[in-house]
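Each of the two complexes below includes subunit A, the first together with subunit B, the second together with subunit C.
Entry: the complex of A and B
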């Protein structure tokens, strides 16, 4: 029975993914078109530099199909995207799919390492603080997390770079061609996500500890470690995983800043650069991939929550 | 369960905030706001004036917070940046608050299609990453104060609208509002006398939290180089411009960083104080 439910959930998420992907790519298209100034002019500027003649602009306009009506341009893109063709960059002429895919790998490695670090650290901190509500650890945690959440992520990154790349020379400071390049960006991301995520974890632990079974475990003579790992971890994970929806939005914003700070060609830089250069196919390609990632993460979180707490299946029928 | 007594509510309403909140919340934020408002009067030096002989000077009597790598007074630039950051942050919250209050109230009073439109629209906007939204808008519209403000307003009014709609709907369902309605009082009166006082703590909390978040967002946009045009001072841009000197002259980075931290932390503390109190 749960397998069928999960299959249904997956199908729902796949449909949602297609919808969101199209919506995001459309927004990227509208964003580029709605910006003040001639798109062809910006393309020509990005291609050939600041000093360009009107003939150059017209040539760029024809070469990129920008002389067609907007509806035709949009329809063409959707049509080819359906068959897996994302087209070529209007600026560099390279395949959008290859370029975006390369950026995606950079972003994915940073995001996976960063979010995993944040998750593990949040659970550890959450248990340390939440097991004794209003205890010393809890109070220190609340103060530190309030301060940490008030520090902009780029400043965290600058501090990490100064210590580990410039001071100790352990890790590369920028670029993504040296081994271990993703460690500092991932740590920056983890630190940026930590205050919110650990607070969710701490509140979840507080709620779990109010249930009777931790007390029951103590009465039976179980150690705190056993209670945490055998009983309390699973119900605590449910709100933490459910928080991945807002978390992923936060992550995307943070990754843009991290891309710029560490000079990486991740999806964030890719999206911003292409929108600024009016490179429509590239912007739509990057938007498409970001939209799909958001939906995939939400879908995985949704299924994980249902697996972790099967009661949620029966409690609320899915709309 | 014992019946909640009326006195208890009255006492919490009138109780003054604890010392910690005053010391680390209201005072610092008030000081920064004052600094921003009085900015031009306090400035004795032009924040953009370069004195290359004083480049990277550490804090001294002439330069209270030192000078940056181009010999500009960091104190003057931090004050000038306060006008930008706090100005946009507060203006963004006021704009979002007014829009959200109006639309949320409409949605609560008209349960039909207006409510559907407002709610679905806010669902979509809330799902978007706010920072990315502001970055893209200010990038597309060419930087400056206007686009950032527009981006903040676009991404934040739904939060206020949803909060207003939810709390207003709850208040409208109470007996005393029902009584007022039966007595023939109009919507305007009910809104002023019953709904607004009831939902104010919620909105204060969200408003303060949003001011803090906005200061962070504005500094991130400035850091990316999409905010004000140089040489105008903005905290995030100041950090971006001097971060390569962090090891040799940390004061250039730490002064604007401290300003960001003070504003965000104090606003967050105020917001959480009100959200815990309601």
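Entry: the complex of A and C
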């Protein structure tokens, strides 16, 4: 039964989400502790900046319970997290859950727009290039995609800022208080994802077009549009969506760069800043949410693939 | 006769005119002043956050510093001191309202001062005052001291001395929200951005611009992008290395002032390499300040020849000549102190090599400055290894006793009188916890001069103590000044350039005085 199979998939992913979230949060805790130097000095630096002194370090140490053994600190956080309490930031004193959720919303809006743009563009490019393998469009695509994939995402962002924010003044260069603030960050993300995603789409189209049913459609005199939408789109989507797992991991790395470049208080910078500032509850809270997000997206991709091509999961193992 | 066509035409003209005037009104009335600073609001701890909200004109202190660097009344409309110098009376301004509508009373001020006394950190100056008692006397608050201390009004200009409404604090005394008395109140607050709106019940003059959006951005390039894109009306603290780029865009103008900060190096005076003032003088002579000032900071006037800059008119000696680089003299002084080149060219004495590691911050100009210092000291046989880090790591190495030499960006203008900071750095009681002007440096002459300054009863006594302080810090060199720090404010063409005050002590952004361009 498809419903039962999907329910099984969901249950598996829920279990995986719990495991991955705890693992990522624990890794964040280890990363904070493993960095060289006394944690209290890093917290005081983040809290007081240039006004740091030995007295403010002592104040930070006492206020944040850092005088407790590491295993006690970890156990206390896990215990609180089990009851839904992520605690307060050691740097800002604000609720971790509130701060992390706000950053998540920023990241989500950029990720959704950026990934959607990349998906639509990669399918369009994939079809344009893959329908006529080794044709002019295909050759141009291969060259452009090779060039684009070698450009780091921060450079792509700078190019977009230079053209659309500084040159034309159409869009904001940074921040999130103006309409359309997410367009340049999302486009930067989309351009960073486009080369790999469109190559997957193009290869899938090439494979699909070698199959019998597009040929049969052509023999029947169907138009290219009908062939694409009625026959080729669905099988092309399967590898593209299956590629979403590694894509999400890649996206998180890219989002850190985008957060910094566009001065966004997203989840990526939240994690990096909190690890550098030894803000243990914040680092673990951000890690927890990132872990859950990765598993959720993987789960959605899995279910989407099952829906698009049930044969992949109906296949019986060979005797 | 009025025709239907005429009525329609008149309606059309009226409609367009109304829409135009409406949009004009919106453009003038609803325009938001966009300001950007390289500092984010990381916490609500008053030791840090008070500086932000005072600059943003949300929170106020009893006494303030005007843009010319002079003491000025704020929540205290006046103050006076008794003849014996022990009782300071601050008359609290009547009718001042907090942003939650409650009234400022002398009792609230008294409780706030009591809380400041307990803070006991070097980032909160009031805790360093020798206060014996604080009491309310009618509309005044009287602060009684254990001994005369001349800088009481100066100390009350410190950032953490802001007076907040009682509703700002949680039961445990921590700050949960900023409810001040300033001309702006917080509408929405966050780490990287804050929305402000004019407070209609402000006791003083209403701000010219009703809405302000503040962005804290730590990346200097992002700030420069925002300025060039016309997204920032004011960039307060534009990096010196990006000044030319931003100004070159032709869309903004930059105002610059020399601040009370010094970019320099401080030493561990107990270390064998720097325990003799001769060694510190040699290091000072090895540095090419003029070259650094021009090449890295684009301003020959930034080369520092003394500890205190022109931001302190009463302290800066304009007649002092520049310190020119003199490698031969530096080598001679080190040889005189017993340092001889080893087989690798690095100086050594009694088995100690003149080599050490210096922790360097991530700011672009600081990294370049460190590399310049490294190269210039190599020429006199001193080996410096650079290690990326931050101030926390520098302080940690101080606490472990491993620091030999560090870079400092000390601000001597936390309050208008530099002695406040010098006391923190050099007075015996507090010097150990504030190493930014030198570690393990003690000079009884300096301590005695500082004590004489704060207890002086006449102008002559004050002047004599000041001369003694300057003579010691400029000759002993616990801090070796390299360049003074320039504060840049970029101003977009939407803003009236002349209306933007620029403050050498970085006390306030003075955004309530800013006007739109006509």
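Here are a few things to note about the model shown:
Quick note on the criterion: the second predicted complex is superposed on the first by the 308 of 319 C-alpha atoms of A that agree within 3 Å, B and C clash if a C-alpha of one lies under 4 Å from a C-alpha of the other, contacts with A are read in each partner's own complex, and residues count from 1 in each chain.
Criterion: contacts are C-beta pairs under 8 Å (C-beta built on N, C-alpha and C of every residue); 3 or more make two chains touch, one makes a residue touch a chain.
All values reported here derive from a predicted model rather than from experimental measurement.
Touch criterion met: A:275 reaches subunit B, while subunit C stays clear of it.
When the two structures are aligned on the shared chain, A:152 is found in touch with subunit B, with no touch to subunit C. In the overlay built on the shared chain, the residue A:91 is in contact with subunit C alone; subunit B does not reach it.
Applying the stated contact rule after C-alpha superposition, one finds that A:260 touches each of subunit B and subunit C. Of the two partners subunit B and subunit C, it is C that touches the larger number of subunit A residues.
In the superposition on chain A, no contact is made by A:19 with either subunit B or subunit C. When both complexes are overlaid on chain A, the residue A:34 reaches subunit B alone and has no touch with subunit C.
Judged by the touch definition given at the top, the superposed model places A:166 against both subunit B and subunit C. Contact with neither subunit B nor subunit C is seen for A:8 once the two complexes are overlaid on the shared chain. Shared contact residues of subunit A, touching subunit B in one structure and subunit C in the other: 166, 260-261. Those residues of subunit A that touch subunit C in the complex are listed here as 37-38, 41-42, 44-57, 59, 89, 91-94, 99, 102, 161, 165-166, 169, 172-178, 260-265.
Those residues of subunit B whose C-beta lies close enough to touch subunit A in the complex are 127-132, 135-136, 139-142, 212, 216, 219-220, 223-224, 236, 239-240, 243, 246-247, 253, 257, 260-261, 264-265, 268-269, 272. The touching residues of subunit A, counted against subunit B in their complex, run 31-32, 34-36, 146-147, 149-155, 158, 162, 166-167, 249-250, 252-254, 256-257, 260-261, 271-272, 275-276, 294.
Those residues of subunit C whose C-beta lies close enough to touch subunit A in the complex are 39, 42-45, 47-48, 51, 120-123, 174, 190-193, 195, 213, 215, 217, 219, 222, 225-226, 228-231, 249, 390-393, 395-396, 398-399, 409, 411, 432-434.
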